[in-house]
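Okay, so here's the structure we're looking at.
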Amino acid sequence: MRAVTFQAPGVVSVEDRPEPELLDASDAIVRVEATGVCGSDLHIYHGRVQIEAGFTIGHEYVGTVLAAGDAVTRVAPGDRVLGCFQTACGSCWFCRRGLFHRCLHSRTFGHGATLGSLQGTQAEMALIPNADLVLRKVPDGMSSDVALFAGDVMGTGFHAVKDSQMQLGDVVAVLGLGPVGLCAAQVALAAGASKVFAIDTVAERLDVARAFGAEPVHLTEEDPKAAVSSATEGRGADVTIDAVGDPRALETAIRLTRACGSVQCIGVYAERTEVHMGLLWLKAITLRGGQANVIAHVDPVLAMLAAGRVDPSLLVTRHMALDDAAEAYAAYDRREALKIILTP
Amino acid sequence: MRAVTFQAPGVVSVEDRPEPELLDASDAIVRVEATGVCGSDLHIYHGRVQIEAGFTIGHEYVGTVLAAGDAVTRVAPGDRVLGCFQTACGSCWFCRRGLFHRCLHSRTFGHGATLGSLQGTQAEMALIPNADLVLRKVPDGMSSDVALFAGDVMGTGFHAVKDSQMQLGDVVAVLGLGPVGLCAAQVALAAGASKVFAIDTVAERLDVARAFGAEPVHLTEEDPKAAVSSATEGRGADVTIDAVGDPRALETAIRLTRACGSVQCIGVYAERTEVHMGLLWLKAITLRGGQANVIAHVDPVLAMLAAGRVDPSLLVTRHMALDDAAEAYAAYDRREALKIILTP
Amino acid sequence: MRAVTFQAPGVVSVEDRPEPELLDASDAIVRVEATGVCGSDLHIYHGRVQIEAGFTIGHEYVGTVLAAGDAVTRVAPGDRVLGCFQTACGSCWFCRRGLFHRCLHSRTFGHGATLGSLQGTQAEMALIPNADLVLRKVPDGMSSDVALFAGDVMGTGFHAVKDSQMQLGDVVAVLGLGPVGLCAAQVALAAGASKVFAIDTVAERLDVARAFGAEPVHLTEEDPKAAVSSATEGRGADVTIDAVGDPRALETAIRLTRACGSVQCIGVYAERTEVHMGLLWLKAITLRGGQANVIAHVDPVLAMLAAGRVDPSLLVTRHMALDDAAEAYAAYDRREALKIILTP
Amino acid sequence: MRAVTFQAPGVVSVEDRPEPELLDASDAIVRVEATGVCGSDLHIYHGRVQIEAGFTIGHEYVGTVLAAGDAVTRVAPGDRVLGCFQTACGSCWFCRRGLFHRCLHSRTFGHGATLGSLQGTQAEMALIPNADLVLRKVPDGMSSDVALFAGDVMGTGFHAVKDSQMQLGDVVAVLGLGPVGLCAAQVALAAGASKVFAIDTVAERLDVARAFGAEPVHLTEEDPKAAVSSATEGRGADVTIDAVGDPRALETAIRLTRACGSVQCIGVYAERTEVHMGLLWLKAITLRGGQANVIAHVDPVLAMLAAGRVDPSLLVTRHMALDDAAEAYAAYDRREALKIILTP
């Protein structure tokens, strides 16, 4: 079968690979109908994630079950399904507490030996371990452009809002309007935020945010703190979602947030960095971060997608053939699209 | 000044009453611009609530501050305000925990000696104790038809959803589409329910529910259990809101709700009644009830009203003059309106 | 092997049964070292639970792993283990939310075809499905008298307290001092209740409660409401745990509990019954019930047992040989013991 | 009356000051029977807090109500009371949410103009604004050595545990065994932690921790990470309380804490500092900090003190006369005592 493989920083290529086979009674094999290119894929593309040359990449996918092991009970061959970007065992200490993103045996699709040696989904077929936890049936009538978000980007936006403990009527600020930030802003509105300030420097992204009901604020040409203050009698945002992952974003987030509010870092931090702990402490802000618990969220995310309460389809700005993956990665790297979907 | 007074079961009349005066440093006096007739007023009208003849009734109100005591800091003369249906002291054991609805010194407007001897708001003016807790400024540009709901009916719908601990993506069933049930259904949608089944027997009410995005289900001509089941893979509703307050409604609520779900009784129960404890226990359902904590909710409710996330204006089906209160009560008793607003 | 089997109401006998064999890769087989007789076993003994003649009963157990399937990773042959009274699949809708007690595929040991046809543990050996979720290693040095409680009775007491959302410093009332009530009282104290009123009519049980620090109150010879009131400035208990499961207990629980408090029904309800909904509503009490989620709780329960924060060993009032099971059931039925442990 | 006043860094003196008078209907005046010297007082003593020369300092106190304004209803002249270290208005946005520590009108005793110009309690008498919120009656038979902790140090330890959302059975690490750290360790045990590691470098403090049941660990001579790991199958502490307030403590806290655990900074941070955001993010740790909400906690804290579940009396290592305040401050500065109590 055809598969998109990492070769070297800046180089991906489409190659022939052996078709996957069931290895365990809980496995399934999915014929891929659509697979996304994601910001995390760019980390690999940039060589910032260690991965073996020739490894199949990709972790967003919609498709049809071709085969399933004996222990799989929730999906069956012929089912149209979407999947989560990582697996979980379902029985370790973390899984038993519903913290599937911290599963001691978790594997991430398309990230090489570091994250469990699980071949990616930018391919004609993919092997899905522990299919009962990882896969869900696509609701009737849902396009792959929408369904594909449930197992990664929208699940991550959902996580940001849920984990922040946002309350009905809250004022929310979202820093960074990449796909995750835009999805988080949508979820915040759907969850009953009275106002969502969507903050970025890119006009097109601010326009997308405006289109679904957020209040766009240009980070440098406008004054985000003044905007948030005037909506909150000077208190600041109840919740700020940092979808950037950068010390300046964190500093801004702490400044925008009210006393006893929450800063939710869904953007990735990987190093030591300076944090204004004095201000954070004085304001008694709660700071949370980390990867999304997509397996825990995929059911309600799908329900909200099916009901149209959130709609990521406006983020899909380009469709390409799987065979054009090299060009797709290059275009995504040039930020020419919010989301590119590849079709095998 | 003119005021609507209870005289006897089935008899209210508009009479002259002395204008209120500040009695305490935390009091305010409000000139009423709009005041609602509520289901609770009907309980008085029907003689089911003990109240003195000649007592001024009513507890929903929007108006302008005429005077405020020295200790009042959050509103000032000239401010356009709305108020909550009851007062709270702010310092007793319950208030310190934010349980203002259980304040040991709470008084309810227009309910006679039983609930604190506080004259009602269906009058040209009203005395508002502890104004800093009870009043809020009306957001710019908000009509009195909308603002009036914040301190009572929408606050009650909000309470039903909030107290039920409804989660993003939940499927919710609302039993009984009077004003409170309709507001609860709106809040559930605004809070991110993926689907809200609105259940009643009155076609007009089902139509209103459909108009704002709920799924109307006729209680007897359709099959609510089947509807809820089919949306939840047979599990049942995550949350059921009983806005009726009747043993049959409670039985239905328990039957509609999934294992480990919640039944929220916002409809009033006043007596011993048969409950299917066996089914409730088997399903491990959480049952909650009681009056709404409107003072705790009024800020987020106003924020959501101002943002248009909930909109009760479609429930206001009639406006009348305060002097026509007798006719208004009679019409409301004949169920000719969902909400009547009186203008002094 | 020898096993205790149900024959007819009032009749159990010890018979030879085939040794269990691994049926699934996630199974384990345990050689039983100690197995308890529980109140639920009495329901079977009294014929109130439908169960086939000849079925092996019992569901509390400590022992040693003899064999484990290939998919079992958390225990291994030779490990000394205790187990939960029921199984869970780990991947259904409820399991994914940590609601293992509502698992769609759950089976209960020793309860016949109704609850999954899983042979009981009052035997020399037992087959344990999904061993990774159901079994835990016994902490070093813990006696079987203590460990055996983790998978059932102490887990149930723990559930009562946890599910009630008891807070640090709360005043708690426990109605009914059978093993579950006594364990719940211990957990409430360990969880930081400032006072636990332990209410019953049996002097011996009140003495046990006093021994571990609860305040014993005789239900009829003393005045439980007065006792609770005087400890709470008249408010009532923050949490009342009904460990009886009887309409009068529920009525008492509602009366003892403060406004906005919790009534937790860990005692079993199986039928329709009269409930003072008026009082429950007026006081805005939260009512919760249902079976315990023992699989979710077994880790912290074991940690607290190991640390000595709770200690059920004083409830073990008799040890007998498995072969004397008929006599053990008769004695337990005569309430001659709080807990009888059988040794194969 | 005699009062301890700040004069200059390193200089406090006892001077005559006018007796306080009621200024507002919600005020009370308390004759002080015991008043503590606290770590925060040392900040003033060291000149790190801006405060006017001649200002009366101190904020921990037990005494008797001498006079109370008309609006005070919860305490009366003659009542023996203790008080919180700060006041709250009870009606601002934060107070209405129970966030009394963030009250927009809060004043702190003995901290000069910066924190509300409220004279301190290291004096014969003190003026207490909003007495209904700030004061509580001392439970019968409670010594001033114990009661004095409720309004400050034990309230702060309680806050650390409560805010961290510690769960029954958790393993907790406490960094820094000053009075607040020791109180936090006591509260964690009382709240059902299965194990509390108490970490410091001072042998005497480790001994105190051992005396009430914590596991003492020397920060440098032993290996805190190994100790915590071995108690948690390598996961790390569920909750780590940083009672130091120092970048190295924070780094240690993040290292000691398990994935998805909590780090609670009750020690004060005042500046920008380097934080290992990469590790915090990777482990999805929740970081919370800030001053304690003592007014919210004082009721349960008193209940736990009265029940003996926590006992700070072993921290009171010296009693002195108010007139010897200069010597007391010097001794406290030399760390010769965990807590010094002054008697007017």
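Letters A, B, C and D mark the chains as written, and numbering starts fresh at 1 in each.
We adopt the following convention: contacts are C-beta pairs under 8 Å (C-beta built on N, C-alpha and C of every residue); 3 or more make two chains touch, one makes a residue touch a chain.
Bear in mind the structure is a predicted one, so any value in this text is a computation, not a measurement.
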Third chains touching both chain D and chain C: A, B
Higher-contact pair (C-beta pairs counted), A-B versus B-C: B-C
Geometric centre distance via CA averages, chain C-chain B, whole Å: 42
Where chain B touches two or more other chains, by residue: 93, 97, 299
Complex contact set, residues of chain A against chain B: 158, 161-162, 167-171, 187, 190-192, 194-195, 299-301, 303-304, 306-307, 309
Chain D residues within the chain A interface of the complex: 93-94, 97, 99, 101-102, 233, 235, 245, 247, 250, 259-260, 265, 268-278, 280-291
Chain A-facing residues of chain C, complex: 25, 73-74, 90-93, 95-98, 130, 132-133, 295-296, 299
